[in-house]
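I've put the structures underneath this note.
One chain, chain A, links the two complexes that follow: it is found with chain B in the first and with chain C in the second.
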Partner chain A sequence: MKNKGALSRLWSFAEYGSFREEEFTLSPSDERHIDTDTPENRWLTTVQNSERSVGARAASWFSRRGVEIFQRLYRVAAVFICFTLIGVLLAVVAFLPPFGGADNPAVNEVPERYVAGAVEETGATNAVAGMISAYRGFDTLGEAHVLFVAACSVMALLRIDGPARRHGCLPDPEMTGEDMDFEPNSDLILRKAAKILVPLSFIFGLYVILNGTSSPGGGFSGGALMGAGVILNSVAFGFSRTERFFGERVYHIVKTACLTVYALLMAYFIYMGANGIYDHVWLGVPGGIVSGGLILPINIAVGFEVACTMYCFYALFRKGGL
Partner chain B sequence: MEFVRNFPFLTIVFSLTCGVFCAVTRGKTAKRLCVCWLTLTFAMSLSVLIYTLRTDGSFIYRMGKWNAPWGNEIRVGPLEALMATAFSGVMVLSLSGGMSHIFADCEEGKVNIYFTMAALLTSSLFALIYTNDLFTAYVFVEINTIASCALVMLKSSGRTLVATTRYLIMSLLGSGLFLLGVVILYGITGELLMESIAEKVQDIFSTGEYSLPLTVVIGLMSVGLAVKSALFPFHSWLPDAHGSATASSSAILSGLVLKGYIIVLIKIFYRVFGLRVIVAERVSNFLFVYGILAMICGSVAALRQVDLKRMLAYSSIAQVGYIYVGLGMHSEAGMVAACVQILAHAITKPMLFCSAGGFMDVSGGQKSMAAITGAGRRDKLAGAAFTVGAMSMIGIPFFAGFATKLALAQGAVGSDKIRMTIALAAIVISTVLNAVYYVPVIFNIFSGTEGSEKAPRPKVGYVFAMGTFMVLNVAFGLFTQQITDVVRRGLQLFGM
Partner chain C sequence: MPEFLENLFTNYYETGAVVIFGIGFTSLLMHRNLLKKIIGLNFMDSGLYLFLAAKGYIAGRLAPIITDGDADPTKYVNPIPTGLVLTGIVVSVSVTAFLLALTCRLYDKYHTLDIDEITNLARKERD
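And now, the complex of A and B:
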């Protein structure tokens, strides 16, 4: 039935969020007014007008104009709700405790103990590392798996499983004409700069990861630096050069190893802690490289996992595969 | 400490690891790994349930060396254990009920990712059930969001991509609102642990300081979780996502994922704000009204569908409405009804979606009402399961759905007069509407000629899943009283 009532159109708007195309085209019965001013047509129009009752005409008008009006109202309502939400949230900010105030509710025994006891209890001079990897380690385990599930989803969406691509050889870009088959443009300046920057970013990333227990940084930031190094390498020297040391196989091995080691360490830590068993973890010398007990291996695992995820995102979006 | 107390934590952490391993194995191996591990989690959750029932109490499990406000902890009681047992069981049954569809609908190299997502989703559901900390809840809500979107997306077709995009946007909006709520709540209370926040909230409520932020926080969290669990005005993403995904995904999404968020909302209402504050802030009134609207409008919309899976999806919206009506009654009986409804719907809707998958198998992959005429005669098992599920949804006695309608009506009678009238009327109208759209489908699938299309030889997993679902449904209907008792005891232990 083509001539749906206005209500059913509004319903379909609520259902689909937008009107489907065929619902926009008005049925012939809606367009009975006739422009050509011949006597015959004029007679026809008069007859039709007298045939159709006032109610039917109102309904036909509503089904023509009502949808438009509804759509306009919808937009107005959307803007109105948006601004109301902004206004309410701004008002809330005005009522919140002042930023950084000493009497804030957030200044209580929890951060006090983190600041005062982190070095002694976790062995990490960087209290933030102690907090995220030891005190609230379970949350961070979940956070690392958020990255993993995101990488897996992107892989499910963007990886192209062609027979040629599966064996690691790219098809001829001139033949396919696909943008993703072209090697990244290796500009001379870029290559020269990358030769210096890539090793630097690897070393700096490793430094940030290893010193995560005693200085700002840790697995997440160091891993991002290393991932940026791998991306820069593939931008400057091409995917084939990157694949020599970082292909899909390496990606899977590193990622699985890191996450498994992380989960096992965390499970050991939680199991021992919960059951009140002494866990035999040497906390190390606070401030040194080997300090913080399990935080150092956790940082290393998280770092490599983050680096893998970063490059995985880049490679999947760029060429649909690692 | 008894070893069984470690089981909840082991199920959460090693479900994550199981997902990691599934990502690097081939499809068949991943399937075996995932199903075996999930069956094991079911056994573990069941033993936790038996333990909590025997000790008749709940316990706190410290996640690490440090006690709660400093470290993380999870809380396990009869209600949580019951939910975890039901969810892991339904997860295994949904996966095995739609296994042939998973392998047919996903690209060959990406089947293993499906099981990765299923394992991670189970882990996040466990964490949402057991968590005692709002930030932990948020982290696992994130995993849940992404994994459930991926489950829709993995059936490779244009329609699922559009559905996933809408689902992702709406779901992230919900997460965002929830996160804003957590942040503001932390700002005004300085705590993330549920019990500590509850104390501070009572102070705020009695002194009146920060009362505007408190109201906004309750609103943000309720709206955020309502968007994610498809309460009526925010439901528009659901029919596309659930209607176009593969059979197992639809089953998991409508049976479990929606409920995960509602459990978080119940925890927030009960353990963070307390019923007194919730009633005083009038949030429950809104939830009640929208729940009633969902019950009616979801059913009316289901009536208009010509596509079986979309009809089931709209039916889910109506059923989520039942849960919110229970929450909105602001009485203990209402909460009990909501929890019973969560369980009953979790074991009924996956069965309906799996049998819809069975009908599609014997109707050339079509799912429109016209195409599935006589499908119940071609695939008798799916036909029987669909009939049982539909009768449960309508609310025939001795099936699971009757239990919830009874519990809801009892809750309504205990509530004030206006609520009682509206809720009872809505239950009656909704029941009639349910019958009006389910009974024609039952007639449809058993009518017509048998057709030339022969059913493929049923897989063992499929037969097992359908049989267990039917037995569970009847068992739920017969032992309603016992289940309700466990739920009531669990809610009492929830505190307040």
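And now, the complex of A and C:
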């Protein structure tokens, strides 16, 4: 800690944005041990003293004003950077091709190919569903894994095990583990509304998932709706009522099984495509519920995984466990 | 009116998206509160989605849901940006949840959301 060089001080200034007080009160150990008795060293000592006083004055001035100056400079630089960025982006927008034009460079042979081949090759009348689940299915598989990894890391960060929940790091030392589970179960309006809305959101979520191949929607949006239904259920009726059908065990099984099914279906897709083998999956009737070949099971798997992840986020933030 | 400004008015969706992105970037950079920084990041995401969705639009065309078996590509808008926005939304939800979990842990430990105070406390602890 002692005898920090100017460079390391500057570094700490740049890194943390503030000097600390004790770095500038020169401690006795800072003085170099020079034998002042010999005459040839006497002038050296005086030079050193004057140097030190200048340095100490500069240091004390910095310790008084340095933080303030730095913060002011930081704000000025931040405003400057922000306005520069917005200006550069606006200049780029000014030179973009016109909005909605049919001759824009983004409208090339790729989207035309996707739209033209969607019904014939994937069986999905919704070209977006055909694109994200079949043509670019590998991308969407990675997306599902991102969601899975996020749920795992949130669980690693927020999960509380055992009876001593958050013991030692509670904001209020009098707050006990039971407070995390405390839920006022007296809101009549919320419960009556939830009785109507929870089944509706489940049915609507399933509808969006099953019709993902022929209408807007799909696994992600339908799964979010179903997750919202589970969250509403646990808000209105408490976690104990939700755990009757959706406990930690169910969560782990459903989530892992859905991701495995998705990965296996995608592996089948990729293996067939890479080896040029004709795909024997029945594509179904375009426009109906059973259409799109493997897109429908993929949508169902993704939907249940997203529903699990949404509820997992809520339960972990609310009480630190499922 | 110069061509420069005229283009900004023609591409008004993109202009709005850039402004939203800039607001998000500004709050990400200027606020000390970690929650406000996360909100700024989400603003940036929203601006990006608006930009991508605007780039996929083609005037006078339909949503890319093929009805009546008419797979004429000149009848439908570009489906690729829509798929990219979907991917982006899922990734942004994941990142936001992760950031909020990290913020929860930091608050549990340091009892503050101010990034400067957290840095100072962490430095004191390290030394």
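Criterion: the second predicted complex is superposed on the first by the 239 of 322 C-alpha atoms of A that agree within 3 Å, B and C clash if a C-alpha of one lies under 4 Å from a C-alpha of the other, contacts with A are read in each partner's own complex, and residues count from 1 in each chain.
Throughout what follows, a residue touches a chain if its C-beta (ideal position, glycine included) is under 8 Å from a C-beta of that chain, and two chains touch if they have at least 3 such contacts.
Quantities reported herein were computed from a predicted structural model and do not represent experimental measurements.
Of the two partner chains placed by the overlay, chain B and chain C both lie in contact with A:S153. In the superposition on chain A, A:T125 makes contact with chain C only, while chain B stays out of contact range.
After overlaying the two complexes on the shared chain, residue contacts for A:I270 are found with chain B alone; chain C is out of touch.
Touch criterion not met for A:I69: it reaches neither chain B nor chain C. In the superposed model, A:L89 makes contact with both chain B and chain C.
By the document's definition of touching, of the two partners only chain C reaches A:G100; chain B does not. Of the two partner chains placed around the shared chain by superposition, chain C is the only one that A:I81 touches, whereas chain B remains out of contact.
Of the two partner chains, chain C is the only one that A:V115 touches; chain B does not reach it. When both complexes are overlaid on chain A, the residue A:D139 reaches chain B and chain C alike.
Note: residues 16-17, 89, 95-96, 104, 106-107, 110, 113-114, 136, 139, 143, 146, 149-150, 153, 157, 166 of chain A belong to the chain B contact set and to the chain C contact set alike, using the contact criterion stated above.
Across the interface of their complex, chain A is touched by residues 4-5, 7-8, 10-15, 18-19, 21-22, 25-26, 29-30, 54-61, 63-67, 69, 71-74, 76, 78-83, 86-87, 89-91, 93-95, 97-98, 100-102, 104-105, 107-109, 111, 116, 119-120, 123, 127 of chain C. Against chain A, in their complex, chain B makes its touches with residues 1, 5-6, 9-10, 13-14, 16-17, 19-21, 23-24, 61-66, 69-72, 107-110, 113, 116-117, 120, 123, 127, 133, 135-136, 139-140, 142-143, 146-147, 149-150, 153-154, 166, 180, 184, 186-191, 200, 210, 212-213, 216, 236, 239, 301, 304.
Touching chain C in their complex are the following residues of chain A: 1, 16-18, 20, 75, 78-79, 81-82, 85-86, 89-90, 93-96, 98-102, 104, 106-107, 110-120, 125-128, 131-132, 136, 139-140, 143, 146-147, 149-151, 153-154, 157-158, 166, 169-171, 214-216, 218, 220, 286-287, 306, 313, 316-317. Against chain B, in their complex, chain A makes its touches with residues 11, 14-17, 88-89, 91-92, 95-97, 104-110, 113-114, 121, 134-139, 141-143, 145-146, 148-150, 152-153, 155-157, 159, 161, 166, 252, 255-256, 259-260, 263-264, 266-267, 269-276, 279.
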